[in-house]
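Below, each structure is written out as structure tokens.
In what comes next, subunit A is part of two complexes: it sits with subunit B in the first one and with subunit C in the second one.
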Partner chain A sequence: MLFRTTLLALTTVLLLPSPAFADPTADELLKKYDAVMGPENFLATIQMTAHRDDGTTRTYKMTVLKKGSEKFRLGFAEPAAVRGQEMLRQGDNLWVYMPNLKRAVRLANRDSFQGGDFNNADVLRVNYQADYTAKVVVDPTRADAWQLELHAKTKDAAYDMIKLWMRKSDSQPVKGEYYTASGKMLRMAEFTEFKVYSGLMRPGKISMKNMLATQRYSTMSWDSMDTHVDPPSGKFVLDDLGK
Partner chain B sequence: MRFFALTLACLSLAAPALAQEAVAPADSATPDSAAPDVAAPAEEAPPEPLVKVHVTGFLDSRVTGAYASVAHLLPSDDVAHLANLTEGNVQLKLDWGTRATALADASFIYQKAGLYFGNDGTGQRLQLADHDVVAYRPSAVLSEFYGTYNFADHFNVTLGKKRIVWGPGLAINPTDLLNPPKDPTDPTMQRAGSWMARLEAPFDLFTLSFVAAGKVTRQFGGVPSGLVYYPDAHPAPTYDQYGNVQPDGYDNRPHYALAARAYALWQETDLDLYWFQTQQYNDAFNYKNRLGFSASHVFFNALELHLEAIGFQGSSKAYFDPACIGSASAFQTCGMAGKTPGGYTQIDDPGVRVKALAGGRWQFGDNASFTFEYFYNGEGYNSTEFNNFAQVMSLRPQLLSLMDTLASAHVSLPGNALSLLSPTTSADTGSPQKYTFEPLRRHYAFFTYLHTMIADDWNINAVVLLGLEDLSGQIAPQLTWLTREWLNLTLGGLYTIPGVKSLGAQVADARYTENAMQPTVWRVFLSARVFY
Partner chain C sequence: MFSLLQIAVRNVLRNKRRTAITLAALLIGVSVMVSIRGLLNGLQRSLVQNVVQGQTGALQIHRVGFLKNVLSSPLSLDMPQDAAFEAKLLAVKHVRAISPRILFAGMVNVADQTIFLGVQAVDPIREFKVVPLRAKTMEDKELFETGKVVDAMVVTEQLQTALKGSNVPKDAPAAILAPDKDGALSGENVTLTGVMKLNMPGEKKVGMLRLDVAQRLLKMEGRATEYIVAVDDIDNIAQVAADLKAALGPDYEVSMWDEIATFIKQAMTRQNFILSLVATVFLILMLLGVANTMLMSVLDRTREIGTMMAVGVRRSKILGLFLMEAATIGALGGVIGGGVGALIVLVLHARGISITFPGSNVPFTIQPYVTPTYLASIVAIAGLGALVFAAYPAWRASRLRPVEALAGG
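Here is the complex of A and B:
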């Protein structure tokens, strides 16, 4: 009797949907994405290469400084033609400092980033928890990854809708698709070359394919990333640009 | 069996914890993590050096072909129809940690110009001999040369020469009283700032700035030898009733600008309040206080709207008595009779005047933007005043000759009238400009279209400046080929829009619109710029 009761209990537990084996929630995955792609504070050196229709490339080297979820500052080091150009994001505000004008001008987030296939927000606004609502959807073609469907909840979000895949083994992002409100796919990203930076594992490279001009794509590689910095807040004010 | 039941119970209780662990903490990963394609740890950034040195710059060579009319109001004698400008620029920046920064931006400019044409006196075009023109001389321009020290996160001091532009206007900035003027058809041409000291307290959402700037009264090779005061002012200069120094152009007064500015980021809007006091700095005003305001905000994530305005009493423009400007002799007769033929007669006028720029920039999704700006110049001439000004300009050659005659006879006219023809300005005009915007009238519009990456490596932009009272203006298209990451080739032009002549000033039997007063009809240039 005892054996039968125990067997019944075991069977019941194994067959019923149990919290012990539940998938993470969409919010948990989104939080993980933000933590991986936009740690609280960091100083990184990044290289972006734009591959164009004719097979030629343009490479930009830059440093990115981040403090909290709202403050980004980016400065271009290469090529010489854009050296000294800077971008600053503070909350929903974005400015670009043009060294040949000796001044900063306001930008919208949706602008293409240096003519590549990323846009400004891809680089300077990694805060999906603030910008999107998310739900987990089933992708029968990928058993190894969770799929998230993100919908913009603020006007400053870079895209109207994003599909994001995060692998189940360690919740690292592996793929993203970026859409307009009408459902047209604008870009597709692949996250690869996972590395550990200051104890943080994350993709070391993102390849962004332009779905409107399919011969074009851009890659962004993280040469270094220090997550232990504590930059002064004075580095993230408009009047500090160009200094 | 109890063991199994206990185990199942434990599993059930532990379920929420396991669900949490399914999303691995971001900082828990190690190189040994079981991720299938984890690479080796990325290299840490090397330690920062004590002093970081950044050197950049460019070498630019620009060939310009132009056509100047000999029938316009202003003479074409000094307009070269063929010119080459070669500029070598170096920008050196030194960073000592996060506390101190020093920067120098210097250009060395060599120019060669020729092919001049003038009026032979009968209205016919006559080629003139190549001659020395100040604007085409080789020069050195020290655009910036300053050091900044951050005493604390929220307080820094800057000393030296620096270009500070606070207002959001693109083509022009009515609140910019400190710097040499920029070319609205190509604002990138002007990088020069002013010699000044700045105290600044920047915070997250607001900044307080105070600037004291001195006018360059004399300089050699881009290096000032006179600042604030003229180095060799006459011991006892005389002033007329309007406070203007007499025609020698020198005085012993200080020439400075003071500026205080409060910036706030409020509701995602850049807001600035300004106070200025200038003393014969970049205009004729004496100890003039001015108040300004600007705002900039992005709407619909694509449309930036901005407003920039400054208000003040009086006018720094020269005004002329129509009874005295019919001819050079009438001018002289008025002066000798003690009547002011012309001068800064409204400089102390209590009436408030406003200069304001309102505009918007629409950013398209394909790297393109279109900017429209309207400029109201509150001290611009009305039709009658503009007519008087044009009349005096038509007499300019005779009046300059008269000036020499009177100077040799030690005679001066009241109102500083003749010195208006050769006004004393800052010795530092900054970089050579393709076009100088000196608004005489009241209403202007600027249209700027910029499209980067119109095709891989190709940018286009076009600027249209339009005087709304006579519809004369300038159109400046430009095509840039980013040949290599280090080489840009630019083909550009400048065409004078003649406007509607019937709306222009009448001088004798002819009518002249504002922008068609100057002789250049069109200009085409090809520029090659190598970056390093």
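Here is the complex of A and C:
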């Protein structure tokens, strides 16, 4: 009896993978991605530089405020041409406030963000857990990272399909490839310059390469990010834009 | 030789029923061919006119590389839009009128609805001097033209329906948004003053905007991405294109309308190919009829041929006689058929045929026509073809043996 119990216990222990060495599931990795790239609340100052086909560049400076998973507000500080422009997300809705029109105009998630190579959802909708179903796939070329394959659940998601690599050492995102529904690669991102922002370790820079117009790419870097803010809800309504 | 022709004509007239049937076949074949060619000519002329006078102008001027890169960077390859530059264009011989444009992609917004569109920003007066047919596609053109509404924009009916489908008040403010020359998002208020129809199949979500509004929106004051050019005679365009290119130098490219609207040229080539295929089939059927008649004629007239040979008519003369008969019928059928065809075409030309292309909503009239050269060639083809197809029956006749032929074959 004792022998049998011991054997059973042993088998159970042997068969159950030890939690300390278990591979993370796709859902765990997505959760990690969202926690790193879009913490619950934050106030960040960000710079985006768009490199265009003709070799010229243009740099945009902005602040982004986020509250919960549904609310974003973004304001441009530079260059002068877009100073005063603001963007607001409420759930699936996205608007841009144009100071010269003195009103907000609805935008689509997949429009280019200020003519660069990120789209609006890349910047103002980081909720991969809500937008995608994911599975872990094996990438024989990279032993140091897990590869995830993400398929959009909704048309409002930034892309139809994403391949995402997260390194095994600390589950930080390192690379992304973004595809159309038909499997054509639109963009490729590299995540670099990992830094600690108010206690949160995350990539400090993303380079987004345009795979259709291959001369073009854009970089986005985070100058600061404060995750200990609690902005009032009144900041995230249309009437508050431009004030 | 003349006597041979005389005898041939007399022979043709002798068996009236057989000749009538052969002529009828030729007449129908030739007149149908002429009518189809006439219709196609009319259709193609209308197509070209609609494109040249309603869309592209005869010639277009761009910066080198613009047409290749129009999808990725339509604004960076631009050119001056000022009096000095325009004087250079107008100085070229045979240039009748010019007008600047900026083409760009943007979004139009009405009452919390934003829709993508392609925009043609045009000079509201000069545009219609270069492409006058375009005015027909617009409602309330005056509002756009006169500047009474300084930020006027017209969109296609399809876009209007998409924008105003859901109980939007008529005076709801509208705005146009687009990345400016540097890529930064920019917006301007516009007033939707009316709708335009599409005169050709193509992109349905498009709008036309006053050039000055677009220049402000795109931060492109005093710049344009395209000039459209009207010439005084469309037959001169190759020369005018070369002269413009010489005047502007290597930074610019000058394109003829058929290099811009390539689909028209392709459609025309395809139509011509199909027509020549149909025409060839018709011609062969028709000429087989002629060959058959001649063969019947030879069999019928065996005794007659024997008699001719018996009185010393040479085999070559017999051959010649039958060939001549065929050629006479061919030429006669060709002339009558060509005449009937030309008459049909003339009537259709006078009446005009109104058609609307699928995907477009402006009807236009086509006026069929044929050229004298085409008529002459079709008559020649009918005559010569009859000659060729009569070769075998004529040869058979010339090879008959007089004694057997006299005995009735």
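Some points to look at:
Just so we're on the same page, the second predicted complex is superposed on the first by the 223 of 243 C-alpha atoms of A that agree within 3 Å, B and C clash if a C-alpha of one lies under 4 Å from a C-alpha of the other, contacts with A are read in each partner's own complex, and residues count from 1 in each chain.
Please note the rule applied: contacts are C-beta pairs under 8 Å (C-beta built on N, C-alpha and C of every residue); 3 or more make two chains touch, one makes a residue touch a chain.
Computed from a predicted structure; not experimentally measured.
Superposition of the two complexes onto subunit A shows a clash between subunit B and subunit C.
When the two complexes are overlaid on their common chain A, residue A:85 makes contact with subunit C while staying clear of subunit B.
When the two complexes are overlaid on their common chain A, residue A:213 makes contact with subunit C while staying clear of subunit B.
In the overlay built on the shared chain, the residue A:233 is in contact with subunit B alone; subunit C does not reach it. Contact with subunit C, but none with subunit B, is seen for A:96 once the two complexes are overlaid on the shared chain.
Subunit A has more of its residues touched by B than by the other of subunit B and subunit C. In the overlay built on the shared chain, the residue A:45 is in contact with subunit B alone; subunit C does not reach it. Of the two partner chains placed by the overlay, only subunit B lies in contact with A:172; subunit C stays clear of it. Aligning on the C-alpha atoms of chain A brings subunit B into conflict with subunit C at a single listed stretch, 361-369, out of 19-27, 109-117, 361-369 or 397-405.
Across the superposed pair, subunit B and subunit C both touch subunit A at residues 52-54, 56, 58, 79, 81, 98, 100-101, 103, 105-108, 111-112, 115. The touching residues of subunit B, counted against subunit A in their complex, run 1, 4-5, 8, 11-12, 14-16, 18-20, 22-27, 29-31, 33-45, 54, 56, 58, 91, 98, 101, 144, 148, 150, 153-154, 163, 165, 168, 170, 187-188, 191, 193, 200, 202-204, 207, 209, 263, 265, 268, 270, 296-298, 300-302, 304, 361, 363, 365-367, 452-453, 456, 482, 485-486, 488, 531-532.
In the complex of the two chains, the subunit A residues touching subunit B come out as 2-3, 5-6, 9-10, 13, 18-24, 28-29, 31-32, 35-36, 39, 43, 45, 52-54, 56, 58-59, 78-81, 83-84, 90-93, 98-103, 105-112, 115, 155-156, 167-172, 192-202, 204, 222-227, 232-240, 243. On the subunit C side of its complex with subunit A, the touching residues are 69, 72-73, 76, 107, 109, 112-114, 173, 175, 177, 179-180, 182-189, 219.
Residues 50, 52-54, 56, 58, 60, 79, 81-82, 85, 96, 98, 100-101, 103, 105-108, 111-112, 114-116, 213 of subunit A touch subunit C in their complex.
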